[in-house]
Structure formats: C-alpha cells, structure tokens
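Letters A, B, C, D, E, F, G, H, I and J name the chains as they come in the text, with residue numbers starting at 1 for each one.
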C-alpha cells in the first residue's frame, strides 16, 4: 500500500556539525536499504527547503510507523502521513513495481 | 524536472451528473495521454478525499501551467504546485524513467 | 488496520428536508452493515457539531476509500483520514475484536 | 461519558534519554491502570507522529482533567479534548463496555 | 458540569426577514426556558459579531448535544464546544448556583 | 463591562518548581482579591489544558490592561481579550451581580 | 475608550448595483454622523482591499455593538473588534480629542 | 502616507530586567521623537497583550523601513505593515494633521 | 515606490464565458496601459493557479488603491498588498527603470 | 525560468553580532555574484520585516535548490518557493533580460 510521507527536518542549534553529518549518513544508509527492499519507492527534495516528499509502499500502518520512528533523524522531524490509493486515471503499470 | 501537483476538486451543486461524468471521462483521457507521453509520472488518490497527489515531469513551468489549465476539471480545482529536486538519499534509478 | 476518519457534514440549502432524511436513513443502514461486518468499529458524535469521529478497521487503503466514497452523504462531507497503529501503552485486548 | 483526547508529545532537548525512558515507563503504568479501571477505553498511535488518539470514559470534566494533568508526560504535551456523544448510527453495543 | 459553547451564526441570503425574525424569536424563547431551568447559565454577545459566548451547566455530553441541535438557529450555526472544570483559583461560590 | 479573557500559560523549562509554585500562589491570591472586589466574575479551567476562560467586569480597557499585565504569570502567558455585551436572549439577572 | 474595528465587506452577487450604491451612501452618512459626534475617530481604507481600519471612541461595549450592528453594510461584513488602551510611549495629546 | 504597523514584542528569557528596562526607555524616547516630528501619528496598546497598533505617516516605504529597523526593540518584534489610504467616508479633517 | 500585489481571481459560476472573456480582455488592455506608463513593472502567473504576482511602482498608496479598484476583474479578486523597499544586497540598477 | 523565493530570516540569540555581520556580508557577496550572472533578477525587502521577495531566473529546480542551500544565511531561513510563468497580460519585454 502507498503512503505519502512529508518529512520536515529541524536541526537544533545544539547539534554539532559532526553529529549532524553522522546522523545524515546513517539516515541515507537506512533509507537506501529500504529503497532496495522496495518499501521506499520515491523521495524528492522540496526545492528551497529541508523537507522531502516520500512515497512508501508497505503492508501495514504498524510497519510504516516502525520504519519512520527508527529513522536516525526522526527526533528532529515533523512528519505528515497521507494514505494513498490507486487513482482511477492512473495507468496500471504506474502502480506495478518490479520488486 | 519534477513537480508535485496536489489537486483538490470541488464539484458545484449546479453541475449535473451527466455533465460531471462527461468532464471526468475527458479528464481521464487527457491525463492518460500525458502519462503515455511520460509527462505525468505518478498519480495517487488521497484516501477519503476528492483530491490527488500527482508527480509531473516536464521541462518548464510554462509547459506545466499549460497542461494544468487545460485539464477539463481545472475550473473546479484548487491546485498546489511544489517544485521537487532529486534527493541526495535517492537511488539514481528512482529518477530515471524509461521514456 | 485502524483508521480514524473524521467526517464533517455540510448540508447545502438546496437539499430538501425529505431528500436529506432519505440520505440520512441510507447512510445509517450503510454504516450499520459495515459495523456488523466489523469494518466500522466505532463512531461517536462530536458534541455540538454535525461531525463524527469514526474508527474503521479494514485491510487496505483502497478498501477504506471505496467504503467512504460510497457513503450516501459523501458528496456533502469533508473527510479527514488518519492512519492509526497500536500504541505501546495499549492493553492487547484493546485491539482484539471478537469479529 | 466519552471524550476524545489527542496528545501531542514534544520532548525538550534538555531531557536526558534516561529521564525520558523513566517518564515513558511511568506513563505506561499510569495509563494501563486507568485502562484496567475502564476509564481509558482506547488508545491508538498516530502513524509517523509522537501523538495519539485516546478515548476516555469518565463521569465528569473534573475527573478527566485530574487524570490528564497527572500524566507523567503532561508537562511535555499539547492536549486537545473533544467531548463525544453516542452517534445515532452507532450500534448500541458499541457504547456498552463490559466494565 | 460546565461547557463553553461559542455559537457563530451565518444567515443565508435565501432566508427572508420574516423567517429570520421568527427563528430568532423561537431561539430566544427556547434559550430562556433553558436559562430558567439552570442549564444555560451565561450568554454574552461578542461585540461587533453575530456570535456569542455561552456557558451551559448540564449533566452529560448527550444532554448538551440534544439541547444544541434543537436550537432553532442550529442549522445556521458553527458551534465550538469546550469542556470546562472548576479552576483552583476560583472562589467556591463562583461555581455554586442557586438552582 | 464584560470581557472574556482566555489565558494560555507556557512554563519555560528554565523556571524551577519552587519558583513556579511561588508564582502560582501569588497568582491565586492576586486573582482572588479581584474576585472579591467583583472585577473577576468567572474563571473556568479548560479541561486538559493549562489555560482558562475568565470573565472580567471592569469599567475601562485601561483598568483591564493594568489588571492583566500585573498578573504574576503574565510574562508566561498568551492572552486573548474579547469584549462582550449583554445578549438579547439573556435574562436580566444574568448580568446583575450582587456587588 | 478606544476600539480598533476592522471591517471586511463581502458583496454578494445577488445585490444589484443600485441597491449596493444605496447601501454605500447610507453607510457614509451614518458613519459621518458618528464622526461628527466624536465616536468614530479614524477610518482608513486598506490598500487593494474592500476593508478598512477604524478607531472608535465610545463609552461602553454595548454602545459600540449597537453602532456596528446598525451599519447599513453590517449584514455584508466580517468584523473584528480589538480593545485598545493608551500606550505608555504615546504623547498625551495623542489621546485628547477636541470633542 | 499612512501605514498601520502592528508590533508584537517577544522578550527572550535571556534578556535581563535591567537590559529590558533600558531597551524600553530607549524605545520610548525614539518613538516620542518620531511623534513630535509628525511621523508617528498614533499608537495604542492592545489590551492584554504586549503588542500595539501604530499609525505612521511618512513619505516612502524606505523611510518607514528605516524607522522600524532602528527601533531598539526591533530584534524582539514580529511586525506587520498594512498600507492605508484615505477612506471615502472619512471627513477631510481626519487626514489633516497640524504638523 | 514598489508594492508586491498578489491577485487571486475567483470566477463565480454565474458569469458567462462571453462576459468573462470580455472582462479578461478589458483587464489586459488596462494592465498593459499601466505597464507602458511604467507603473506596472512586473507580472508573473503562479503556475497551476488563477493568481499572479505583480510588482507596481507608483508614488502613493492612494494611487495604487485607485489603480487596483478599477481593474475590471477587481470584484472577482482577493488582493494582498505588500510594500517593498530596496534590499541592501540588490544591485542599484535593479531598481532603476528606464521610464 | 522564473521562481519567486520568499526568504524569512530568524537570527538565533546564540549568534554573536560579529558572526551575524560576517554572515550577512558573505550573503551579500554571494547574492551579488548571482545577480551579475543574471540568475538572481530581483530582490526587494519586505517593509518592516527581516524577509525579502526575490525573483530567480535559472534553468532547473536542482540549480535553484543548490543556489539556495548554499546561501550563507540558509540555516537561519524559512524559504517559500513559487514557480512563476509568463503572464498573458505581460508585455514581452518584461520577460526579456539583457543577459
């Protein structure tokens, strides 16, 4: 099932550059594992902002919540989750992913 | 280039069922042509609402504006456009479309 | 899976008392069928408003969207859907329904 | 009587991991006592957020206020309380709890 | 128990002066009966607006909802209900009403 | 003249428990003096929140502003003031206070 | 006493040009009488909008409410009232009006 | 030309009482010079808030911006500027200031 | 002096296609005259919306208000006006226009 | 292509005057280079605020995002990006820049 997840990242002043770089690397590795597993289908950067538009494809709410709360940057995020369904205008192949 | 386009449709009371069905069919055909041309990459229905999350992939703002204002349902829509860039965590293939 | 669905009903002036009574009866029958099927777990009236807080328990987003858009009063509603997961503080039996 | 209580938790940076874990354990024990007493009927986690949707069943506003302000995490919460009544579409058994 | 009820009245253009005067008279009689019964403790007009701040004193949410939805002007209102408890700074007599 | 005053209290982390208790005691004494003088007619706690709904009865804006800015907790408050007039539906005695 | 009153005028489509012109003339005459009486101290047009910023100087809330609800355009307005007091930085003469 | 300037002052915890008193004195002197020059026509305190409604009368945007950014309390303010024009209902003398 | 003017156009259902086309032509002619006079410096279409971002360059608020309220589409617009000053980072030539 | 970029700068208390002056100088130099390259077409200061309205003219979202995130003051900004297209009423020369 598809979920749009909009993540708004707010870096507190107290977090050092080193720590923040460390967190961001961990975040990237964590995200890319999910992408390779086919759970994290799309991610785009919102131009001019430290936020993104992500599309997740998982089986249950619980699975998504578990994925999100274990994001290394989760403590520094405001997250908005929107459940998505296939659109009647969408071509079938738009919802079929290889894996 | 990628744009998120969120379309919120508000059907006025004065539009008959027939007219609305006609408009929706025209909208689907128009959208699917764009999808086959590779300009309209993704569309999902927001669960419980008459709105969608769409991802367009076009070369210029002008092209997107032209596409949107010619949507048969455009006069009945509130539209929010968000320019998107590739995200550093995204896998390269996530931004490469066959056509 | 659980979803909170908040429904805000706005009756247009043009809808007659008879038509509205008809719609509300159809809505109640439709809802109670879903309740007996175990898909519509909870519904409460928000005091002082023509809106409700509902908890649905269905397997997919698509199933929920289909249920909602076929509500007789759907054309007269603003709907907000919030996906819910089990809470770590919740007692197990709170999420186990007989049917 | 039923109340929806939406709790939005904001952990300040200054609270250590140990202190926060301690608070969360106290919160769980406190909540589960109320659940066993039949005052705290339902709690769901909002997917992707550190907030919940709770349904309380108590006799007076004062009782609810007392319960809420004694939540161990109360100082770190924004709380929204919505009084709920039985809905005309609801099946009688939906409002009848064993204890 | 005390509830603040803020009522915002919106008169549609289609309602004639006669009908509106009739509704307002019915509203006043209905309200004053409740006031004499001790259920409708306070009402103030918000200066410059067609809205009021009311304090109701009833035993249950259901009773309040029933009272509100039977207000003659209810179909033309947006209503916000806020449950109130006695304040620790309040003098005891502020919460004791003769009847 | 009547004013609704909604006070939203935000305790900064830096204020110690002792200091806060001191401030709250001073606030209660200050408020109760005003209540006995008949200037502070009503106060209710908003259930689940650290905010209140108060009704003041003073002769001028200046007098109210002076009262409010000298509240011991004023520096920690967001305050919303709404001027109120007698409502045409209100019974005369609802606006007549013994002193 | 001073009140800022912000008036936002919304002309319904159903009101004819003649009727609207009539209402506006009545509004101007009504307003200018109040100005000559010293109750309506200031009025400015918000540039680009059909709204104004007005400063009234009357003795009671009730007097202001009566003035406002009898504005010929009142049924077509959203009105926001803000009670104002003399500012400690203001020069005394700024609050002294000849009549 | 007239501008409404609404200033919302937020005193950070870190600013000592002495420093704040110093800033407020400087602010008053600075404001009163502008008042005597006829650039700062009106200022009222919003009752119950640390904000004001001011009317400036200057020749250009640049002049106003320069005045505002040099307010001693400017770093601690949120400022909203609304350009104002003479209102057709206003009496001519309402816009004519001695100096 | 520079003003940003954001115009949001809302076409009522009751306005015929012919009438709307007429209004839009009149609007374009009116706007282009102002552009040639150097009062209307910039206009861009907001992608996906029936709104624009315009930059006007006129001498007084009154002049701008007069220009705006005489726009043929003014009755169908929500308008937001923001006064702008030269920015310290801007190159001088950015504010110098040939005529 | 044109983008409106609205930048809202929030200087944290912890940043010293020296550091802030350094950042602002770097910001100006960075901006003026972009202006001379023809990528940063317009910038105006919003009167009374530490925010600006900027018009960028670049070829892709990615280029804009790269420009913005490398602004020296970017970590202290809230940024809103609005894609703009040529307006049908605009004179051709309004969109033609020498370089």
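Operating definition for what follows: a residue touches a chain if its C-beta (ideal position, glycine included) is under 8 Å from a C-beta of that chain, and two chains touch if they have at least 3 such contacts.
On a predicted model such as this, the values are computed, not experimentally measured, just so you know.
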(message) What are the mutual neighbours of chain H and chain I in this structure?
(response) G, J
(message) By residue number, over half of the contact pairs should agree; on that basis which option among I-J, B-C or D-E is the same interface as H-I?
(response) D-E
(request) Pick same or different for copies chain F and chain H, depending on whether their interface residues overlap by over half. (result) different
(message) What's the distance between the Cα centroids of chain C and chain I, rounded to whole Å?
(response) 45
(message) Using mean CA coordinates as chain centres, what's the gap between chain D and chain F in Å?
(response) 28
(message) Nearest whole angstrom, what separates the Cα centre of chain B from the Cα centre of chain D?
(response) 40
(request) Please list all residues of chain J that touch 2 or more other chains. (result) 2-3, 45-47, 61, 64-65, 81, 83-86
(message) Once the touch criterion is applied, which pairs of chains come out as touching?
(response) A-B, A-C, A-D, A-J, B-C, B-I, B-J, C-D, C-E, D-E, D-F, E-F, E-G, F-G, F-H, G-H, G-I, H-I, H-J, I-J
(message) Under the definition above, what is the set of chain E residues touching chain F in their complex?
(response) 2, 4, 27-28, 31-32, 35-36, 41-47, 52-53, 55, 82-91, 94
(message) Going by the contact rule set out above, which residues of chain H touch chain I in the complex?
(response) 1-3, 60-62, 64-65, 81, 83-86
(message) Per the contact definition, I'd like the list of chain B residues that touch chain C in the complex.
(response) 11, 13, 45-49
(request) Could you please specify the touching residues of chain F with respect to chain H in the complex? (result) 3, 5, 12, 14, 61, 64-65, 68-69, 75, 79-81
